[in-house]
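Each of the next two complexes has chain A plus one more chain, namely chain B in the first and chain C in the second.
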Partner chain A sequence: MDIERGEFVTFLGPSGSGKTTTLTMIAGFEDVTSGQILLDGRDLSNLRPWKRNIGMVFQNYALFPHLTVADNVAFPLRMRGWPKPERRQRVGEMLDLVGLHMFAERYPRELSGGQQQRVALARGLVFSPDVVLLDEPLGALDKNLREQMQIEIKRIHREVGITTIYVTHDQTEAMTMSDRIAVFSNGRVEQIAAPLDIYHTPATRHVAGFVGETNLMLGRVTEKEGCLQVAELGLIKVPPHRNRHEAVTEYDVIVRPEHMKVVRGSEACDLNTFEMTVETVINYGDRLTLVGSKGGLPIRVRLNSLDNLPLEGEVLVFGWCPKDTHLIPRQPAGDRSQDRSPLRTVAGALY
Partner chain B sequence: MTQSVANGTASLERGANPTIKQKQQAFPLVLLAPCVVFLLVMFVAPLIYVIVLSVTEPRISAENYERIFASPVYLRVLWNTFQTALTVTLVSLTLGYPLAYVIARRSDWLGTCLLAIVVISFWTGFVVRTYAWLIILGNRGPVSNIFHWLGWEPPQLLFTSFSSTVGMVHILLPFMVLALLSVMKKIDALHLRAANSLGAPPFTAFRTVFLPLSLAGVVNGSILVFTFALGFYITPILLGSPRDLMISQLINQQIEEVLNWGFASALSIVLLSATLVTIIVGNKLFGLDRLWG
Partner chain C sequence: MSEVRLRDRIPTLAAILVALFLFLPILIVVPMSFSTAVSFQFPPPGYSMGYYRAYFSDPTWLAPTANSFIVATATMVLTMLLSVPAAFAYVRKRFVGRTAVNLLIMLPLIVPPVVSALAFYGYLGRAGLTGTLPGMVMAHVSLAIPVSFLVLCATLKGFDRNLERAAMISGAGPVRTFFLVTMPTLRSGMVTASMFAFLASFNEAVVAIFISGRDAGTLPRKMFESIQLDADPVIAVVSTLLIGGVLLGVVVSSMPRRRSQSRTAAVSLRGPGP
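Showing the complex of A and B:
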């Protein structure tokens, strides 16, 4: 994995997937089990954490309770032997950046969660580290504040331009903030790509399931060109697959719920259609999700228009455009080696 | 325990009957009553009696207090008491801090073993532990044996202020360690990690983060040990030198040998006041536990 200077990369994955462990390794608190971590081409493994010049922001902020906001932010500068006047000026700049200059003399416990988070951010950035690591920094905040802080962090990143690695299990956070997302699962990086690529062309079933809602089916290769056999839906038309392997006989077929639509009368596009009973209607106010199942396969359909509101129990014809189908080749049994991409182990994460 | 159970039952019945609410408000007071009565009879009343004695025996005057502060003999006892208490506190802190640090930071066998030693020592009667020092430091004890073995004449160990201080440190060290531990356990290891990641090597992180955060424990433990040491009686009388009297020994002497109750009462009040002043000043100066405890 290579991360460019100034890039904002998110490690996304469920808890226990190894994203925090990787972060801890980059910070130097955990030994790298295999592989290397390079920073500007120099190996970090023999550098102790305090020599690495990497800023870290912890989930519970880890602000020093006995120091004021200004002293907390000044701490890394003090450790680097900055003279006092310069220290004060730099701390002032950082507090301006995070909008907390009027709180400089307060103690952390006198601040709200969001303010504490911003102090932690200022403290992690003040010494212009080569990289800043953010470990689920918004995990402890409520939803509104979290969205506000996402914008805030993104703005600060834009202004400061420090390479940022952000760990989260929240896909919305990852989507809205990152230049690229690395999706972790079981200690492996499943895919690293721009947010929209992750969403539209997930590399594995895991990624597809973890990022956004998804309809996942199993398609078998048939005689008929450009078609796959799905047990529950029958023959479906699929777009020509770029890297088709002769050996691959099965594909994971992925259709996002927003690409599914209700088919009323004739449609321009040559759709894959099926008939399904609507079991549940989930109303989000601005959109609807219809949940049903076809032959045991659960299917979710997102409707952005609230006209012709479908009713629960109604039987409707649904369909989607073949071009909106995303295919992931399934590795033939016995050929699992290919499953292990160059990004195979967490420890192999290259910086 | 009893109170919470009782409260639990009371709250279950809430709303069933309007009079229950009134009963419920009265209930904690009823539960407090035995304790309050006990303290009044066994503590407050005797204390008032002692205060009265100190200014009425042998006649109504402040002469007992004047005698304490006018005589160099008694001032020396007071000074000696404070000095010993201070030494005991500083030695306990010096020994206890690293011990508590290891116990707090290591959750493996080492921390558990050390904690077990501290707690077992804490539970062992202090008279027993004091007698143990009589043997260890005695004429045929292991310490003088080592001196003999090295071909040196053993110094006088027992019945000196040294042996008395050692004994008191031994008895009060667990209090210091437990007081330190209660604060150190609450210091999040993440703070040290944060300090490391911000450029502080381990010792600097300890000095700039752990030490200031543990100060509350240092103050609490020191006040605890100091006030205990001020009033210590058994250990100095068994191990100490008769020439280095501590105030509690003097009080005992005045009652048992001289039968001067008025003077003994005045000494007790001086000791009590000194203890109270220590606690109040300590709390005023370093009421740290309230700041971030």
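Showing the complex of A and C:
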């Protein structure tokens, strides 16, 4: 994995997927089991954490309770032997950046969670580190504050331009903030790509399931060109020349709920259609999700229009456009490992 | 209406009664220390400062007082030097015999004081240390270690190790991390542990009676002897001074906490910031 200078990369994955472990390895708190971590081309493995020039923000803030906000932010500068006047000026700039200059003489326990997180951010950035690592920094905040802080962190990243690695299990956070997302699972990186690419062309079933809602089906290759056989839905049309491999006989077929629609009348000629009983209607206010199943296969349909509100128990025809179908080739059994890059090759270079 | 009010006050009344129950028997020594009676008598027949003068001019009282302070201070310092590393090792490292080590450190707390006293008597007697201040300190350190070890372990278990990581990634090596972050964060726990170590020695009477002899006698020992031999009201003076000292300590130690509480209150009144 290569991370460009100034890039905002998110490690996304469920807990236990290895994202935090990778982060602690970059920070130097854990030994790299195999592979290398390079920073500007130099190997970090023999550098102790305090020699690495990396900033870090912890989920629980980890502010020094016995120091004021200003002294917390000044700590990395003090460790680097900055003279006091320069230190004070730089700390002032950082507190301005995070909007806390009136709180300089407060102690961490006198601040709210969001304010403490900003102090932690200022402390992580104050010495202009080569990289700043954020370990689930918003995990302890409530939803509204979390969204506010997402915008805030994004703004600060834009202003400061420091290479940022952000760890989260929240896919919304990953989607809204990142230049690129690395999706982790079971200690491997499943895919690294821009947020929209991750969403629209997930590389594996796991990525598709973890990022956004998904309708997942198993499609078998048939003799009929441009079609797959899905047990529950019958023959479906799929887009040509995408992700086709000669040897592959099975595909994971992925259709996002928002690409499914209710088909009324005779527009259905080019769509893949099926009839389904609506079992549950989930109303979000601005949109609806219909949940049902077809031959045991659970299907979710997102409707953005609230006209002709479907009722629970109603039988409707649904359909989706073949071009909105995403196919992931299934490897023959026993050969599964090849399509995912193991973590040891992931630990590549950070530029 | 008044019934409701009474019911609301019951917890307060109960608290006051319990406080009185705990405190009155102790407070009774205060008037007795100002008494003119030749022995303990309550209420006192008259008041005077006579026994205070007696205490402050009698070397048989002042010497044990000085001994107590010397032994307790030395015990405190030595105990901390031994129990801080022990607590760090016990909480943070996994090693063979960890549970056994814990039990061993706790042993002086479990063994009845008289048994310990007897053991010290035999052991220190052979080394020629009975009746000496170093002997007293050695005995008291072994009694104080489990107390401060317990406090330190509890403090250390609650310590967030991310603070140390944050210090290290900020550029502080292990030594600076320890002295600039770990120690200051643990300060209140350290102070408490030191206080307990000091008091474990200062309040200790049984071992002192067995091994302190004439020259290294401490205050509790002298008080025991005095109450057995002549019931001298000077004991009431000493007790009053000790109560005063403890109260002063409590007031002083609670002062900075009150200040920070009021500052927090000011913040919350202003509401959460932007």
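For this structure, a couple of remarks:
Going forward, the second predicted complex is superposed on the first by the 333 of 351 C-alpha atoms of A that agree within 3 Å, B and C clash if a C-alpha of one lies under 4 Å from a C-alpha of the other, contacts with A are read in each partner's own complex, and residues count from 1 in each chain.
Just so we're on the same page, a contact is a pair of C-beta atoms (placed from the backbone, for glycine too) under 8 Å apart; a residue touches a chain by one contact, two chains touch by 3 or more.
These numbers come from a predicted model, not from an experiment.
In the three-chain model built by superposing on chain A, chain B clashes with chain C. Look at A:32: by the touch rule set out above, it reaches neither chain B nor chain C.
The wider contact with chain A, measured as residues touched, comes from C rather than the other of chain B and chain C. Look at A:276: by the touch rule set out above, it reaches neither chain B nor chain C. Of the two partner chains placed around the shared chain by superposition, neither chain B nor chain C is touched by A:119. In the superposition on chain A, A:103 makes contact with chain C only, while chain B stays out of contact range. Comparing which residues of chain A touch chain B with which touch chain C, the overlap comprises 27-29, 48-50, 52-56, 58, 60, 62-66, 75-76, 79-80, 107, 109, 123, 127.
Of all the residues in chain C, the ones that touch chain A in their complex are 160, 162-163, 165-173, 176, 180-181, 184-185, 187, 260, 263-264, 267, 272-274. Those residues of chain B that touch chain A in the shared complex are 188, 190-191, 193-201, 204-205, 208-209, 212-213, 292.
Touching chain C in their complex are the following residues of chain A: 27-29, 48-50, 52-56, 58, 60, 62-66, 75-76, 79-80, 99-100, 103, 106-107, 109-112, 114-115, 120, 123, 127. Partner chain B is touched in their complex by these residues of chain A: 27-29, 48-50, 52-56, 58, 60, 62-66, 75-76, 78-80, 107, 109, 123-124, 127.
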